[in-house]
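Consider the two complexes below, in which chain A is the common component and chain B and chain C are the respective partners.
Take a look at the complex of A and B:
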């Protein structure tokens, strides 16, 4: 039944976003990009794709940071076009997508201020999708209470900060705890909002958000081994959604090493292959902890790309907008990686990106 | 939001119950008389309603289908302009549904003739009124659902064509099957009308087979059962 009324307000934008999606780089594009010798070749190859002449006005020795910034700017322009042409409830859905970036920006500004960095430099490093008006005022951060009362209470992030107002002072550990608590509240809120939109959007977004929650749970667990984070504190950071909730979350809260994490994840069919390093370990020798973590991160990204591609198989739902933003981000990470490998002449690892289509 | 459903259902049920109890307790329970309602409403009401619903619902279906497809063609055509010409076929399929409704409306309206009040409430006229009403309703709903079906399929066809040109013809086959639904309604009702021309029940002034007409003027006051038996061999569609 969603097909009968969806096109009234959102049909045009769905057509636009599917047009954007058909312009994402394919295997053949990546093949020609990996064969470039210099960054100038790289720029020429990209100008034949949907990116067009996005690097046209850049001065001659290109840097990979510029390429990444300009590519992100194309994504931001596309997103702003969609956002300005949308009406409720799509506009609220698109706003929810930006909240994740806003949280990252807020944490970046607080951390930077604590380490006495320059305000302008910090503001330039913020993600453009997560900019809100009162951001510069965050640079006068001393404690969370004051931050909340003066700045955050007017932003859409206000309800997410309520749970962490009790954090005493801001140091590096507490800031990470704040970031994860706020992100947990955001994910749960997004999940509930999507459930109110109903039918197909809820179906598609539930599977994507559930995986996101599980991924954060696993990352928090693995990163908190051998740190001062207590198990109770750790358990409070796990989002209350996803396949690992509630039994898996409880088990992970008590885990002490990576084997226990693997055991918990074996219970969920889709995550069983994440920890399966028997084949590659024999090939490369003992990977060590760092290797396992990197491999896990790679597998998480692959799973995320897979779930986001599935969203395009359904018509008349909002999940295509979320998935497009995530897939475009992955593509920008890919081209940044390839550009870095070309610039540093590390051609043996140039194929270590995750192709999308 | 759930409260809105509770309120609407609750209020309407409440009103119906109040009216029913009022009639019951003021000893006018017999004012609620379906048979009298059917006998006293003019056949013109039923006939006109049928014609109105026929055209109205058909056009609603066609319009709905056109906006469903059109929005997707516009969106997909921004990046892939080549789809805009080919996908007008989907819009034409929806449009055809409205044309079916108009044709039936015209055919039906030729069945309505002015009849003086005294001769209005006859068995033939009742039949014609009901036949027009239900025929119009049939065509209207068939075309409404056909328009919706073609609209959704057309929207998918436009987006699939924008992604991969070889998919267009394949999704078009689905649309063709969908548009046949409207045709079913049209054919069924047209054969019904052709049948009723040769049937004994007819309104004054319709052209007819002479022999049947003479027989019908004799049978007009007889039992329905008798007429059915007599006219069975004349009408192939009873």
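Take a look at the complex of A and C:
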């Protein structure tokens, strides 16, 4: 039945987003991008893609930051177009996408203020999708209570912050805990929300969000080795969703080294490959845990891209919007990576991006 | 060399030419050829990335120049007072060919860069100055507005104090002293004042309230005039605010919040005298700044004026340079990198012009090396190039929209010039409506020169583009209108009518009596208003549309013939054209003959009723040989019909089998001679005159040609059979459905006539009888309504619908009989077209 009336409100936007998606860079685009000698070539090459003339009016010495900014700007413009043309419940769904960026921005601002960075510089570094009205006032706050009372209470993030109000002062460790607690709350809320807007959307989004949650769980576990974080605290940060939940989460909460993490992941078929080569990497010795983590991150991204691509195989659901934003984000990361490699003449690593199509 | 005059009948004969251009004259040659607009260059390095080509550096440079020119353009557009841009034909020419070209382009580059830096500096200083002015203006506003707050506060102070003190009784005795103290210092609460964006004021207030837990007193007022950002021209509106709070910590917090919210803070003194002092100071500085600002603005404007003088020329030059280098990127270097090798399609007729152009380019550039031009032999299909003028352009576009004619195929665009407006007019036949659109088209044609130069909006542009089509449509409509004797649904009475109406009989009906006259042209006006008038026109138009349709289809079918002769396909004549023609004529041609024959007989003198031709056609196919005696049209009808039907039936296997059979036989013959198809032909026979040199150069060219050769269709026998089966079925069914399709001529023309009659009888007719002043006013109003309805509904809407139907009849019914439309358009490098695109 949802399929029957889906197009009444969302058909146009789904068409638009699928059109946007068909403009993502393909393997052949990447192939020609990686052949570029200079950033000027890079610009010429990009102008033949859907990005078009987005760099045409930039004066000549290009920087990678400009390219990344402009590329993000195209994504933001597209997103804003979608957002302003959408109606409930799609608009709410799109808002949910921005909450993730808002959390990042809040944490960025708090951390920045803690280290006494210039407020305006911090504001410029915020992700444009996660900007909200009262955001600048965040830099006044010195503890979480104040943060919540003065600014966050009127943002959509307020409910997520309620859980971590107890944290006393703001220091690096606490901020990290806040970030993870908030994100956990956000993921769980988003997970519940997508269950209410149709079974197809729920199906698609649950698989993506479940992976997102598991990824966070694993990251938290790996990053918390050899830190002050107690195991009970760690367990509290794990999102209560995902394919590792609950047994895997419990096991991860008790894990002490990366091998135990691997054992937990063995239980889920798709995650088995994450740690495949880690044995050989450890054999190298130098890389150690760090190498595994870096490799792992790469594989997480690949998995995310894969899941997001799957979202486009289903019709009449909102998952495509989420997936498009995520894929485009990955694409911007790729472009920036290639541009960075060209600028720094690190040609041997230029192929280390994650191809989407 | 083809015919003597360019013709629309077939597309131009094209040749693939190889240009060997010495590097030093390459630029000028391409420029010259671009002005000529006659060569379509082929990409000789399709595998090379765009940024690895030879002239990327130059393109990048022109891109940079183009960016600067765009920057100037946007600056000029943003300027509030209009900066005149001297039109292209009026501005000084800039020589970009010849020996001084490089120098001139370098000069232009420098000039542009100079202008950009100057303009940039001016913008910067203008911006900083206006920034400072804005700050001062804001400061002035803050000073003024806060003064108002303070004054208000002063008058209310006593109230505030008393109300405060009410709750703190022990302090009452100090009241007097405190009052004195207060009046001397005026104020002991500390405050922050500044300006902030109006959209943010509510957020600001909320955040502050929450941060300070309500421990503040805030006041704000609007600044009436908006602040204009000099760079972007956007307006921002701001508010002055003043916040009173107590304690350094709170004030620091307020300051921090304010700054992070984008507010500007101004130091304001609580003392009224000091405030007025600083107000004076601010005003004085503001005056100074404004003078400076005005001068800077003047300078900037004069710079822009200077730029405006040359902008059009620069745009032109930059655009052309870019096109030239992009074209040169398609070229290939020869082995020694001394010459550029180019290949391109050229109309064979224009060889002489191109030779001239090449020579001219060489002379201009002052060298003695002439580019070499030689023809290449290729098996690739050349592009289709039809020379049109402003009259035939529209008609050609109609046909091109269906498909570009295959190279040298008979071009239906030529015949559409007559058939299209005619078929339109058959559906639109009305003298009045025809005249309206005729004059509308005539008006557009008289405005041609003016309108062609200015930019029209999309809808008007469309009509303007088709003005000659509309003109002919109008003329033809007048003709068919005369035929139908229709003018705004009334009839013209030019000659003597052939019928008289005697006095009506008792039941009010009157029967027309022939008076021996014959109405010489068109429908007798006596039919107008007759009870059986509709019946008559109905039958007349229906039959007429069948007659016209069959003629049109036969004509379209005949156009196959020149194609088959031209491309030397005798088999297609015997296996396709002849059976198709017989099939069409034996059924539908016969129907047309019967229609004409039936019309020519005076049935009132015959003893049989006129037979129904539709039933006759059905009976001819369903029960061949048997003709009902009451429905007989002529003697021997049954026999003739059987013969015709047999002819048609024979044609089907003829079409189906003959072509595949002969092709199969041919294949057998070739295989019998011991040849086996390689599936790949070598690029034509080589002329081996000057072997060493030619092989090297030609080989170069050939290799490229061969590389790009399309995969030739494998002549698979099964494919031929399937194609032929489809073709046969399509034709046989098509004959029937297409003939029926021509009935739309009848339907639309009837609908048009009825609609215009309804419009007349519903509006004007009812008001004609009214007398007196109100009658006249009502009549005038109704006439206006009637006329606008005529124009918008009958001419525009009905016209569009008739247009579409005529279009369909050409595309589907006629084109399917002969048109292949598998060509591709000739797109030469042309500066003139470059301008159009912009």
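We take it that the second predicted complex is superposed on the first by the 347 of 357 C-alpha atoms of A that agree within 3 Å, B and C clash if a C-alpha of one lies under 4 Å from a C-alpha of the other, contacts with A are read in each partner's own complex, and residues count from 1 in each chain.
The working rule: contacts are C-beta pairs under 8 Å (C-beta built on N, C-alpha and C of every residue); 3 or more make two chains touch, one makes a residue touch a chain.
Predicted model only: the values in this text are computed from it and were never measured.
Undergrad: Scan A:240 for contacts with chain B and chain C and give back first, second, both or neither.
TA: Neither partner.
Undergrad: Now for A:151: first (chain B), second (chain C), both, or neither, which partner does it touch?
TA: The answer is second: A:151 touches chain C but not chain B.
Undergrad: Just to be sure I read the superposition right, which of the two partners does A:87 touch: chain B = first, chain C = second, or both, or neither?
TA: Once the two structures are laid over each other on A, A:87 reaches no partner at all.
Undergrad: Quick check for you: in the superposed arrangement, does A:315 touch first (chain B), second (chain C), both or neither?
TA: In the superposition, A:315 contacts chain B only.
Undergrad: Report the partner of chain A that touches more of its residues: chain B or chain C.
TA: Greater contact footprint in residues on chain A: C.
Undergrad: For A:8 in the superposed arrangement: first (chain B), second (chain C), both or neither?
TA: A:8 contacts chain B only, not chain C.
Undergrad: Examine A:22 and indicate which partner it touches, taking first as chain B and second as chain C; both and neither are also allowed.
TA: first
Undergrad: Per the contact definition in the header, classify A:294: touching chain B only (first), chain C only (second), both, or neither.
TA: In the superposition, A:294 touches no partner, neither chain B nor chain C.
Undergrad: Could you tell me which stretches of chain A are touched by chain B in one complex and by chain C in the other?
TA: In chain A, nothing is touched by chain B and also by chain C.
Undergrad: Under the touch definition given earlier, write down the residues of chain B that touch chain A in their complex.
TA: Where chain B meets chain A, its residues are 64, 67-68, 71-80, 148, 152, 155-156, 158-159, 162-163.
Undergrad: Which of the residues in chain A end up touching chain C in this complex?
TA: That would be residues 32, 35-37, 40-41, 44-45, 48, 56-57, 59-60, 119-120, 123, 133-134, 136-137, 139-140, 146, 149-151, 153-154 of chain A.
Undergrad: What residues on chain A touch chain B, complex-wise?
TA: 3-4, 7-8, 11-16, 18-20, 22-23, 315
Undergrad: Hey, which residues of chain C end up touching chain A in the complex?
TA: By the definition above, chain C touches chain A via 49-52, 56, 60, 64, 67, 70-71, 200, 203, 206-207, 210-211, 253, 256-257, 259-262.
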